[in-house]
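Chains here go by letter, A, B and C, matching the order in which they are written, and residues are numbered from 1 within each.
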């Protein structure tokens, strides 16, 4: 029942894209009470069919006004609070305009430990909940991403340490200093990132694979990971896949 | 007065024992390498990964539409929360607006899921402590009633696939709401029944009082969240501190203790949370608005705009977070789950230091760890 | 049923034979043969009764890795009671269990544990593969760390699809298993050693099947030996590897030290290849021992 509703909203726009331009322009006012509840049901259809629905798009987008957020992330006008804080204490950092809601800062590996100690222990900024340490592989970098929240206030921060793929010598792993020695939460997260993404954390007390078997070969979440095929997961020759 | 016992100087040595992946009491497959001195635990090394199925790898290799159906298994006792975390993260990137009726339904069903999760925790905790197949019949009876309600609205008893990006999938009928109201009317008596059996039970008290005290310093260092940390005095509940969805409009208490909690406190925190969930569901039924329930068309090739997002929900175990990197295509670029069980399990070696062998299960059960949440 | 055929044609084959190594300590008297023959004659009468008794009391083992384990617990609870079908208790130890319901995904890291548990179960033992993950890998079809179906490592009797199957589904699978037990020929099953020989072992540290690893180790040692042999002179090639191995096995703890001390005293050309060979064969013997113990 409910699946039919969005398709009903879709149908008039799909069937009359270009021919009914003035009709569409007049329609949003009439269709507003009906369509006001489904502004975003119309939006994906617009995104999927840009050519056909372009004349309809501005008309339909004009109808639902303040409910939708801006889709593209824009660099905010003011400098970020944590970026200022870190720069005041002499740590070079750079703000990345990646997310709308959380401030994202890029650091280099050598200042990482000092920055995190500062953010955790200073009295004005108490980011003491390390949510997760993740490894991300993008086109030209390996990132080690730290999500920081606070137990006592509402601050949120994302720190990224970017290691360029070109900086990593052949056959070696990208290296990032470990924070597990003073922040116990990072211990297992860093082991997991090493296991799945292959980012090596220097001075980690126990750098060993945690989720895969200990002598596993390869780093599964990398893009160039080839799955090992043996008698445990070879495909049935009659299989459709 | 008493005769002095002559202490013979025995030469003792430490023993490394494997509490293997298959054990009647582990909540899933966790292997603990215990170094024991007599019966006291000196050191523990948890060996994880026996249930590592590659859920994050699946996030990169399945389309958005497909992956929504698969993530219920990440934390199978609270499948609604994992779906919700993913949906919130994707909605943040995409700018989708979720209709208010869908928000209320999400809260309602998630709180029902919280109740089922805590009921199962209660049943299996008592199995761990030795009340094997005696007590657990009670909470599972309530779980069956909730499962019938879930099956009617979501189609499945456990892997709901109900909360999607943009809303929820099916609208409840008025009869379903009546059934839910009837369940809520009789459920507080059932919780009283459990409490009569367990809470002041002398065996239970002896096994759980002053056992596994979690200090605030250790908890903050390890990033513990959920009832574990709330029973140790830190009032971090995402529903109250960083409210999301319609929680700002609902009245409920955040169960926080004002001392550093032991396992009995963690047990009590979950029982009280179940009672709070009943209140939340009642308020949701009363305030349920009419309208649409889906804000984004669910189709096989659906896309999320490019961007990054992180969002978290308060699951029965703690803060469940989802970090999504989207490239604008049909598949995600990276899906990273922040699982509460993974972070909470890290305190186990700290808590087990110096404990007798019999306390291991009491402490481990009270952290409420679920292994696919740990291993993904 | 097919038990009528057995009594006429299978008699000469089923006399128990003592292996060569035990012939001096074990002997089978004629009374053993008579009792054996009596058992075979009576089995058309006794085995249906025995099978009926066995099928109504199949005790499962608590082996639940994942989501299906919750449905298995639910089937043990009062709503879908499994004990009314005979599975009165779930035994935690495999030594006392009849059946293993593999409820949950089996990963490569978990596979050795499952194989160990299966081998620890005494005969007759049965397996119900529960859930899509254990039938074919299920949802985790392409996953790098999931064994695509538990029948790749242990023999399965009943496959139960579902993700997770409803508790009534588990009961249905149990009833089908009971029917299978009632109609099976237990003596044939014992003869074939069906269960023991159908297990595929997996290495814990790498997550790969042991056959592959043994192949790799054999290749490596052969390559090392052959490359070592080419570097030697003629006298080294005259030394047979078996004699070397017998020497090192007999004097294992002492041999390396003795061989290392020798080069100063004796001719280096003769002793260094011996040192190499000793190391290689010792490693090979050690690796073989390791593989067997896993």
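Convention: contacts are C-beta pairs under 8 Å (C-beta built on N, C-alpha and C of every residue); 3 or more make two chains touch, one makes a residue touch a chain.
None of these values were measured; they are calculated from a predicted model.
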Centroid comparison with subunit B (C-alpha atoms), farthest chain: C
Highest C-beta pair count, chain pair: A-B
Innermost chain by mean C-alpha position: B
Centroid spacing, where centroids are CA-atom means, of subunit A and subunit B in whole angstrom: 24
Geometric centre distance via CA averages, subunit C-subunit A, whole Å: 46
Inter-centroid spacing, subunit C versus subunit B (mean Cα positions, whole Å): 37
Subunit A: positions in contact with at least two other chains: 212-213, 220
Subunit C: positions in contact with at least two other chains: 109, 142, 144-146
Shared-contact residues (touching 2 or more other chains) in subunit B: 49, 52, 54, 57
Residue numbers on subunit C that touch subunit A, as the complex places them: 108-109, 111, 137, 141-142, 144-148, 152-153, 200, 202-209, 211-212
Subunit A to subunit C touching residues, read off their complex: 212-217, 220, 225, 227-228, 230-234, 241
Parts of subunit B lying in touch with subunit C, wherever the complex brings them together: 20-24, 28-29, 49-54, 57-58, 61, 70, 73, 76-77, 120, 123-124, 133, 136-137, 140-141, 143-144, 157-159, 371-372
Touching residues on subunit C, where the partner in the complex is subunit B: 62-67, 69-71, 73-74, 76-79, 90, 92, 104-105, 107, 109-110, 113-114, 117, 139-140, 142-146, 163-164, 166
Subunit A-touching residues of subunit B, taken from the complex the two chains share: 48-49, 52, 54, 56-57, 60, 92, 94-97, 99, 166, 169-171, 220-223, 225, 234, 236, 241-242, 291-299, 301-303, 305, 307-310, 312, 319, 321, 323, 325, 333-334, 336, 338, 342-343, 346, 375-376
